[in-house]
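Here it is: the structure, laid out below.
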């Protein structure tokens, strides 16, 4: 788990940074099968933190993410 | 998660680049068991982004991909 | 499994350090689907150790973590 | 995901190269539980491409492979 | 799979070393969902070996471990 | 996937080498839940090859191994 690599020029990293700025509601599908919904608060090389509709913060390990999409 | 490695001379990287140029519809099987269908918009070392038939963009972590094939 | 990297300036590492100081009760969802509840005692680059309501210590491999959230 | 390492002196790499030359039909079990059948067309450090009985090409991420065996 | 890293100053590595010395009975939950019970005989960077109640040795790949806890 | 590391001084690597020399029948549990039975023919950093009771060779990616034990 290389925690110090974080290439902010990558499209996928920048896309998440944009989701943070836009305070967009997203759906995150995890490898557990869980589908989480919320706004992205921050990301670092290891994790992504979202806040759900109950104002609860959930810190997700990136290793567990299958996909992310804007909530339709 | 090494995000800066991206060897564009690799057949598998080039194949995805070709799918992007051809705007081909593909099926992506994920480790969650999900089967996603869409056109590939871009890839970077960490993710692949597709747009589905509802024009929704889905950013998939490559770590979650089992296989990709042209939609038959 | 790179066991020596542990960048304490990362938000996700600091967040867990704060949970340790606050002795907050958290829920940890694992890739197995297990949901563990307890207080975080320590973390290192490889593992996180919690103590549950029965005072039992459980050492969790970080590779198995899907997400962590404060118990609501 | 280190995409540039590809040690062709390794038995497992050479074995797949031989399966390609022999155009042998193989079974590939994936971590999703899928069992794919086909001939191996090429491999690179990241992926293995097979063609199934319907002449459809499937590009499999090596991270998703559990085992490969000659079809009996 | 970096097999040569093994930082014995890490709490999680030392904890397992202590379990070995104490010949404590532990429960190991795997990513397969299996729950194995036994005493830890040895660990190396790649594996952990336990002996179960039938004196059978089981070598577990660390990549497959979700958590370890003393048997209650 | 670091394919060139293979530290033959490690107990877990040596143990598999011994199983090969002894032509011992082993059980291999995979992350898919499959339980394979056979004799180990060879290993390299990426894979382990077994031959089952039907003389069929199965090449297993080490990333998919949960545990190995002598068949009781």
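Chains here go by letter, A, B, C, D, E and F, matching the order in which they are written, and residues are numbered from 1 within each.
Please note the rule applied: a residue touches a chain if its C-beta (ideal position, glycine included) is under 8 Å from a C-beta of that chain, and two chains touch if they have at least 3 such contacts.
Keep in mind that what you see is a predicted model, and the values were worked out from it rather than measured.
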Handout entry: Common touching chains of chain F and chain A
Key = none
Practice task
Treat touching chains as neighbours and tell me the shortest step distance from chain B to chain E.
Solution key: 3
Exercise for the section: Using the contact definition stated above, find the chains touching both chain D and chain F. Expected result: none
Exercise for the section: Would you identify the chain whose Cα-based centre sits farthest away from the centre of chain D? Expected result: C
Exercise for the section: Same or different, please, for the chain C to chain E contact, judged on whether over half of the interface numbers appear on both copies. Expected result: different
Exercise for the section: On C-alpha atoms only, rotate chain A onto chain D and read off the angle in steps of 5 degrees. Expected result: 120
Practice task
Report, in whole Å, the distance between the mean C-alpha point of chain C and the mean C-alpha point of chain D.
Solution key: 37
Fill in the blank from the handout: When centres are defined as mean Cα positions, the distance from chain B to chain C in whole Å is 32
Problem - Geometric centre distance via CA averages, chain C-chain A, whole Å - result: 18
Completion exercise
Among chain C residues, those touching two or more other chains are 1-2, 30-31, 33, 45, 63
Handout entry: Order around the closed ring of chains, commencing at chain E, then chain F
Key = E, F, D, B, A, C
Practice task
Please name which positions on chain E make contact with chain C in the complex.
Solution key: 1-2, 5-7, 10-13, 15, 29-31, 33, 45, 62-63, 65-70, 72
Handout entry: chain B contact footprint on chain D (complex, rising order)
Key = 1-4, 30-34, 36, 42, 44-47, 49, 54, 56-61, 63-64
